[in-house]
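Here the chain labels run A, B, C and D in written order, and each chain numbers its own residues starting at 1.
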Amino acid sequence: MKIAILNGGGDCAGLNAVTRAVVLRAENYGWEVLGIRYGWDGFLRSDVIGLSFEQVENLVGVGGTILKSSRTNPAKRPDGFNTIIENSKKLELDAVICVGGDDTLGVAAELYKRGLKVVGVPKTMDNDLSSTDYTFGFDSAVNEAVHAIDNLRTTAESHDRVFVVEVMGREAGWVAAYAGIASGATLTIVPEEPFEVEKVVSFVKERIGRGHGATIIVISEGATLSNARIDNDGKLDEFGHPRLGGIAQYLAEQIERATKHDTRVAVLGHVIRGGSPSAFDRVLSTRFGIAAVELVREGKFGTMTSLRGTKIVPVSLEESASKQRLLDPEILLTMKILSH
Amino acid sequence: MKIAILNGGGDCAGLNAVTRAVVLRAENYGWEVLGIRYGWDGFLRSDVIGLSFEQVENLVGVGGTILKSSRTNPAKRPDGFNTIIENSKKLELDAVICVGGDDTLGVAAELYKRGLKVVGVPKTMDNDLSSTDYTFGFDSAVNEAVHAIDNLRTTAESHDRVFVVEVMGREAGWVAAYAGIASGATLTIVPEEPFEVEKVVSFVKERIGRGHGATIIVISEGATLSNARIDNDGKLDEFGHPRLGGIAQYLAEQIERATKHDTRVAVLGHVIRGGSPSAFDRVLSTRFGIAAVELVREGKFGTMTSLRGTKIVPVSLEESASKQRLLDPEILLTMKILSH
Amino acid sequence: MKIAILNGGGDCAGLNAVTRAVVLRAENYGWEVLGIRYGWDGFLRSDVIGLSFEQVENLVGVGGTILKSSRTNPAKRPDGFNTIIENSKKLELDAVICVGGDDTLGVAAELYKRGLKVVGVPKTMDNDLSSTDYTFGFDSAVNEAVHAIDNLRTTAESHDRVFVVEVMGREAGWVAAYAGIASGATLTIVPEEPFEVEKVVSFVKERIGRGHGATIIVISEGATLSNARIDNDGKLDEFGHPRLGGIAQYLAEQIERATKHDTRVAVLGHVIRGGSPSAFDRVLSTRFGIAAVELVREGKFGTMTSLRGTKIVPVSLEESASKQRLLDPEILLTMKILSH
Amino acid sequence: MKIAILNGGGDCAGLNAVTRAVVLRAENYGWEVLGIRYGWDGFLRSDVIGLSFEQVENLVGVGGTILKSSRTNPAKRPDGFNTIIENSKKLELDAVICVGGDDTLGVAAELYKRGLKVVGVPKTMDNDLSSTDYTFGFDSAVNEAVHAIDNLRTTAESHDRVFVVEVMGREAGWVAAYAGIASGATLTIVPEEPFEVEKVVSFVKERIGRGHGATIIVISEGATLSNARIDNDGKLDEFGHPRLGGIAQYLAEQIERATKHDTRVAVLGHVIRGGSPSAFDRVLSTRFGIAAVELVREGKFGTMTSLRGTKIVPVSLEESASKQRLLDPEILLTMKILSH
């Protein structure tokens, strides 16, 4: 047997641990493993390297991906899918393990329909795939966000200052919600529930009135204003997003203008995406890597690995890859209960 | 309404986050909250303090427990259960939230049978309660263990040395298994599967033969020898435990004697139990605290909070409290696959 | 004896450890200690609290300042200096320990000339005071910056991406230089040496040509362009600073435009200022706190504590407070040697 | 030019950063660099590898040593020194950079006398070399120790428990002193000042009497009892060291016996030695590496790099290598002031 592994989309903590586990388990079975570099882009160019356990042995705790990644989508290339299937034949691959988010897995599902023997492994630091309880990369990102917010809190309290902290999350607010709950944020704002600036301003004023100048507001980059049409003096687009500078910057300016209270912005961005994976992510990605090899061995192509409770189970790639999972009501309620 | 909260057994990361969430949610409902100090011992002595959100607001990331804890068991005190029920009446408590491991929750179940309005919150860094997918404190401990083992690895590799690393876990090997998987240990030994020293020695020798002198063996404190009777020159008891010095010390001596290879011991012990909780544990303990108050409000006494998949659900205290959960087969298999 | 302590300027890691050490040492001598809240602002309003060791015992590792701080300068208030001297008399203070950067210490020097019995403790995370080898807060900030850059590196390498990382430092580049050296940055740019965009672009192109797309450039917020007049299409001011968006943003845009290579910005800002102090800073601030009390006891007013080699020595407040220390030639040379 | 670098003695954080800086600086000058593996042992066997910057580029933050190390002393091998000088000629080395503690540097000094062109770089996590203000590895170890003690403190306080924490340090107490000061230990005991068990017991009893059951005692492994002859019931040797189990274990048993108060031991050992270096150690080791190459270039053989204040200066190998530096009086006094 000869299999290949590729990583698509943005990097996140745990990718190398998947590769390590795949190579180790495949070597147990006497299989050869190729690494396709730069995701689909590398597959289109047959940019591959051989992988031995020796090479990947020490990678369980190393962030990023030694296979490198890209956001190339073969659907947007002329004859992209066929080129990949051709290259797969030339490379004599018996199966391909695709590690990625909804885009990568959507391509994998399409290639499976076209005859490629594919197994998927879900990956997104956003944790917003409906087909699995958790994705690796998320727990690491939340821990990094909490560390950063714990740091900001000491400054907020020393100067009775408001901090608006922006974290990744376009449509789903998992990182903001977990980071907000875990860091004891005074308020957390997510895309699932559009907000009103006036209410946030009142909330901050009420806190100042109680002598609590220090305030930490955690907000997803994709949060939107519910009453954008009214507020809008040209700074917001039709979806209630600021045209320039990000939602945290916009909100901080509004708070400072309305309260005259010192208000700062921190955009956590890429800092929380990279770095060494947390223990949870190292274990999950290792289990996913082993499970992916087992799925190949059992001939269960067109599936992807998934965490359900404490079990790793296969789910259909086609049905699962693209379904987004928004924050569930209990977490939304928890966030509200914790506003203070 | 007037409720009380107590912590029993060993401290672990997340206890203060439970207290914080309980107080905040109870204040939402206008309830009064008492903190019982030193677990059942404090209940026997009515050692209580009032708790306001102001006091606990900043505790989500603080390790240990401000309520303090003890291992006192009222069953072993003359008239212990009655004293507690009496004190509960004197304090005019409408409900008691008991946060603890199987001992504490077993007492809570007994008190519920005797009429006390009790809700439980499971807590053990050992993660070995069958009634919940995860307990808080476990993820923090595993992250600390992985950090320590990552450190030890650099020394092991610089000197081609064997390290035998002992972590907590008397009957169940969760901490060892997760720490071993996450740190890329070369071998992990847990109580669920008694081991033979000869096989470990062969494993180490085989590695040295391949030029891999650096070896990390993670072992639960409760691991036992399968062939203790044969090995035993008086150093082991009838259960295959060393009489003195711990299992890691015993194994390291055997390895060094048999291989002549430099072998060291690291007992992680309390260092991984304490400290600031991980994000996962902060979120889980906060959700448990809120859920416990909801159970009180709904009158669902005699239950405890439990994590099932991504949901918090109530389970019966009597049925659940004392059932231990050993490592499941997939994790045991993962550990074996990863031996290298 | 009755003494007071105040913190001025931005918070940094170690302030609470100074307070703790001052209170402990003063209690050894049987003195009373007041904490003046909000720096000079609080002194103008006699906003003081009593301080006992019980209150500050556990603060050695706690970031921020429980005394809170402000940037108020009494020189800019009508009768500001006199008010402070009056309040000092009303509070019956025998001495005041002022912890702060050049602004705060400049005020302290002026008050000393006007008769106040003052001892200073230098504090700035910028490390740019000429009167001491190191200031506390700096080591903690550098460690946090290195942690963030270590994280960014994994993403840079996974995507062959350029990151421009901005850290604090208006006129002196200590944080950038140390963070750049310690994180293995490919290039570090500091205010001490104005730079040319063209040279940075050539540097990045040369790296890409060698197959090294991943590049980490660390830059101080106060870095300037040496040939600003030529480059300037209105985006730069007369000092070679971008009018909008910061120097990292400006440089990243220029690199991306000239190289067509994916280039991102990370502004570390307040995240690296706060949080629990490093061991180095905890020790230095504790030693400074004790030394400040000894200076009071010895009647050496008008001085401040200073680290020289491994010794704590007093230096004159007037001569020392305002002298800025730029990066020394060896560190500048080290940065250049490490460009690669 | 062709130079070699070797690491001797125990590993510590920063060794790889020295290697990286040496290779980079040597490549600037067009020199070839060999890595001698396993310290003097490898030199005796001519076990060398070529080193390019490509290989070491990413090692600034990696713990341990890729050159590996040993404690072999050529003085104890027949014809050891001559073999090394012979091998140096066969390898056509123009200079050797020796990175190590007093043993390694003592050998280097001897080889210099015998004609080898040697430059030294001091290394010990114990920080006890008189010829330099700080050695790299020390700051990292202290930070790890403080992290561990911060964790233990939460458990100590939750259970009103005494912890006796043992850290490395045979003759000098630098790690204990800095870790004790930085972690807010209630008592710190170092080899420089032999102690009496009775006084420690009184100290703990006095704390319990004040309602402070939680106590953290930090002790160097090499601490001794001052009145060993009196105390001794055969458990102590003539130097006041326990014959079995370590000084922390001995002290904890004495405290528990005398106070009946729950007392635990934590031996931090190798956990604090390894791992990724702190920013301070990364900068210092990089500066030392560059400086060592400059010393070679300037022909200043028989010297070693040294930190004096903020400067790197050369000192004589012969005079400096073996002089141990004990804790200075100010640090000893600081420890005493902080006992509480």
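The rule is short, and it goes like this: a residue touches a chain if its C-beta (ideal position, glycine included) is under 8 Å from a C-beta of that chain, and two chains touch if they have at least 3 such contacts.
This is a predicted model, so every value here is computed, not measured.
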> For subunit A and subunit D, what is the smallest step count along a path of chains that touch one another?
Replying inline: 2
> Can you list every chain that touches subunit A and also touches subunit C?
Replying inline: none
> Per the centroid of Cα atoms for each chain, what is the distance between subunit B and subunit C, given in Å?
Replying inline: 41
>> Suppose each chain is reduced to the average of its Cα coordinates; what separation in Å results between subunit B and subunit D?
In response: 34
> Taking each chain's centre as the mean of its CA atoms, how far is subunit C from subunit D in angstrom?
Replying inline: 30
> What are the residue numbers in subunit A that touch two or more other chains?
Replying inline: 150
> What is the complete set of touching chain pairs?
Replying inline: A-B, A-C, B-D, C-D
> Which positions of subunit B touch subunit A when the two form their complex?
Replying inline: 20-21, 24-25, 28, 53, 57-58, 60-61, 133, 139, 142-143, 145-146, 150, 178-179, 181-184, 278-280, 282-283, 286-287, 290, 308-312, 328, 330, 334, 337-338, 340
>> For a test of understanding, state which residues of subunit B touch subunit D in their complex under the given definition.
In response: 10-11, 13, 15, 62-65, 68-70, 144, 147-148, 150-155, 157-160, 163, 264, 266-275
